[in-house]
Amino acid sequence: MGVLVTAASRGVGFNVARELLKRNARVVLSSHNDENLQRAMEELAGFGEVCAVKADLRRSGGLENLLGRSWELLGGVDALVWNAPNVSCEPCLIHEASYQDWLESAKIHSVAPGYLTGLLVRRWLETGRKGVLVYLNSVSIKEPMSPLLLADTTRAGLIQLAKGLSRAYGREGIRAYSVLLGSFDTPGARENLKKVAGTRGEPFEKIWEREVLGRTPLHRTGRWNELGSLIAFLLSDQAEYMLGSTVVVDGAMTRAVFL
Amino acid sequence: MGVLVTAASRGVGFNVARELLKRNARVVLSSHNDENLQRAMEELAGFGEVCAVKADLRRSGGLENLLGRSWELLGGVDALVWNAPNVSCEPCLIHEASYQDWLESAKIHSVAPGYLTGLLVRRWLETGRKGVLVYLNSVSIKEPMSPLLLADTTRAGLIQLAKGLSRAYGREGIRAYSVLLGSFDTPGARENLKKVAGTRGEPFEKIWEREVLGRTPLHRTGRWNELGSLIAFLLSDQAEYMLGSTVVVDGAMTRAVFL
Amino acid sequence: MGVLVTAASRGVGFNVARELLKRNARVVLSSHNDENLQRAMEELAGFGEVCAVKADLRRSGGLENLLGRSWELLGGVDALVWNAPNVSCEPCLIHEASYQDWLESAKIHSVAPGYLTGLLVRRWLETGRKGVLVYLNSVSIKEPMSPLLLADTTRAGLIQLAKGLSRAYGREGIRAYSVLLGSFDTPGARENLKKVAGTRGEPFEKIWEREVLGRTPLHRTGRWNELGSLIAFLLSDQAEYMLGSTVVVDGAMTRAVFL
Amino acid sequence: MGVLVTAASRGVGFNVARELLKRNARVVLSSHNDENLQRAMEELAGFGEVCAVKADLRRSGGLENLLGRSWELLGGVDALVWNAPNVSCEPCLIHEASYQDWLESAKIHSVAPGYLTGLLVRRWLETGRKGVLVYLNSVSIKEPMSPLLLADTTRAGLIQLAKGLSRAYGREGIRAYSVLLGSFDTPGARENLKKVAGTRGEPFEKIWEREVLGRTPLHRTGRWNELGSLIAFLLSDQAEYMLGSTVVVDGAMTRAVFL
């Protein structure tokens, strides 16, 4: 199975790519950062068949080229695992955000996955292939947080996209899923919390303990193996009848029911 | 109370503006269409104190000017009733949408309300004023529809925006609400359905009967008086403790519970 | 308008009854506690036309008698505001609850409102009258809490009941709503928290500050006037098109969006 | 792994039991119907280690005995897959339901799973064992249907139970999940639809086509293999971080997003 994983040079995307390689997927990594992409390729080379495509997700041409190159490299894309890069202003508060901040957030979190999805669906319809879309997202769209409000506002609708797509194109063998992540231990998560720690003058480890570990009864972050198994399950035929659904992997960090 | 209503030259925005005027609000209408704006002003002049500001919601400067002018005209804006214009490609299917379609949808449905909100919040914080935000939205974000999937994907996050804002700025007297509309009888709704009727070769009245009236047990569209009363209620102090909430006005058209 | 309010001898039910009387409704109070009912009658006598019916909501005959008597006293019931009494074991933990605890919780929170609703609907259908049902419920069904899990499990479905009823009987003029309450200052809420305070050896006022006031950005409990205005709005014709919906009045205490 | 499956003599429970046996679980089947239970045992004997316990889920003693016997037979219960039998009055309408109908529905759908859960949790806490709870439920709690309103009202809260339990007992290694099923081809589903067909004087196959197959883009019912794989996944360690979550397996039959 040929899978395109976006924002895959580090953090969630990188780890998901590795887990899929371990489970015998062939993977194209994408990132806008050449250096990180190179390092990711080196680290993953031993795990299976992996390629890289440099891509700027904020540009029309970047998305079109990403799809074209991935299609060539994989001999047809069977699945997209959408992971978004961070919005550069975040963490930032609504009343401080500029128009450009909003536009960047919308491009990264709505326009890019939306348009890339459209390109893929068109290809799948033209070639008569089936395809799977997995949108990685954050449980913060369920319980929005002040410093992530631009991201939460712009990425929330991927839930609707996955459902709508599945209902519109399910009979053509195209299915989509949302996966909402709680806390996973990534460089980005640590950097964000370090900024918060700096602002508040509190030690990082104390905030990590209270606001990451302490929010889930399991008192730990999610494991890549867990996330990898879930995504592999969603990509498999076994999950066909779950099309359109949202799966939460957050260690019960969120207090709220999802219904 | 001075209220800014966007996309108010016809349809939902126009009718909401009239209902608020009837209930003694002072209103600024905005629209990008000079002619419609002029006609709306004439029709509403008898209902109370009303002004108009021409604004292109898809541009940074358009939003900044809209806020600045409205603030002047009203002597401070007490409330924003956000209503969005239609996205030009809609109804359109995902696999046919261009990058520009997605970008337009994101600008109209996320970036514009997000940035305008930020401008308003900043003003309210600077001047120590209280303020209310009401985001008009569609129940189709609950039950997304194929031909509206760009809109549904990009406007869904206004729910998160209203909640996050209320939690972040509630102590400063700033509160926000989402109102999800079912079927109201607007020129836009009729035009959309006429396109569908044309495509299917079915008479418009039959589709209106089945897919609009027939979907609610009340067998009617919503009344402007009903929507006006609800919004007036949300703008009033009586609704302060409801801050952050979502209110559905759809004649029970949606099958699903909202929890 | 003739309104039956259950569990109305004190707390939420009592205060809602008073607010409705102030707004010119004629009200029947019910409670299983004679003494409290008598006191409530005395306190409310000055506010308008009020009667009382003693009723054990956990018994079939108690519900039938309540409806019959209320119908007589009011000359037909126009609306039911369902409020539930506390379950006697609560606060209690799942692994400590007996079969009787579960049965009591189910009787109070599901069977009683369900059967009473059925009796009312039958009467309304027989007499060709319209009718409104408002189910008062708690936001803890959104964010369930360990010591209230019996209640939350058994009362959660009132959301489905309101939606299903509205869709099934809406064309007959029967409409239902759910209202989810956050923190209101009632004797019951204070008693529960005092138990918690006792268990933890922490002063009551400190817990009240942190776990009641501190959880909402408004830093206050809801006002009866706010709740009364909302319920009066839902009972009015203005809210007809909102049938089946859920309204949240919690001071944005819940972190989660309701969609 | 020793798993107790309730209402397992036919339909969903039976098929789930078989799928778990195929995946090497040891299974206790329960049912109140001796004859069906005997037949199920015979059909499943070839698939692995399976036992049966006759149990009346509507009685305290029935539940206690079920747990005690299952614990003995399995040498400790590792997991419960809760499946509910049908409520005898259904399909039935609210205004026709008796008190006994409501009570039966509440006993089967709330009291039985609630109390059985409590008994299990207590055992797990006493013995220091981990445990998993999977509540099978229906997507009709998302989009409630008139003839199933008693069931939907009383079983909806299992979502809250799964979440609340996971947050309360997660650190003790106890985790719970909800699985919402769309259309699966069971004798019960066919019987219900035959009743509807009889009432309407429409051929069964036509209704099955339109209201079962026609409601999902896949135009088919769910496969037992799909459901079995999902439940096996949830029971495995791989799903630990998903504790408290709700998984939907409905072929995108529901129009609504789950958030």
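Labels for the chains are A, B, C and D, by order of writing; each one numbers its residues from 1.
One rule holds for everything that comes next: contacts are C-beta pairs under 8 Å (C-beta built on N, C-alpha and C of every residue); 3 or more make two chains touch, one makes a residue touch a chain.
Source: prediction; values computed, not measured.
Asker: Going only through chains that touch each other, how many steps at minimum separate subunit B from subunit C?
Answerer: The fewest touching-chain steps linking subunit B to subunit C number 1.
Asker: By the contact definition above, name the pair with the higher C-beta contact count: A-C or C-D.
Answerer: Looking at A-C and C-D side by side, C-D shows more C-beta contacts.
Asker: Which integer distance in Å separates the CA centroid of subunit C from that of subunit D?
Answerer: 30
Asker: How many angstrom lie between the centres of subunit A and subunit C, each centre taken as the mean Cα position?
Answerer: So the centroids are 42 Å from each other.
Asker: I need the residues of subunit B touching at least two other chains; which ones are they?
Answerer: Residues 141-142, 144, 159-160, 163, 167-169, 255-257, 259.
Asker: Inside the complex, what are the residues of subunit B that reach subunit D?
Answerer: The touching residues are 141-144, 254-257.
Asker: Give the list of subunit A residues in touch with subunit B in this complex.
Answerer: Residues of subunit A touching subunit B: 60, 63, 93-99, 102-103, 105-107, 110-111, 114-115, 117-118, 121-122, 125, 141, 144-146, 149-150, 152-161, 163-165, 167-169, 257, 259.
Asker: Under the touch definition given earlier, write down the residues of subunit D that touch subunit A in their complex.
Answerer: 141-142, 159-160, 163, 166-171, 175, 182, 216-219, 222-223, 225-227, 229-230, 233, 238-252, 255-259
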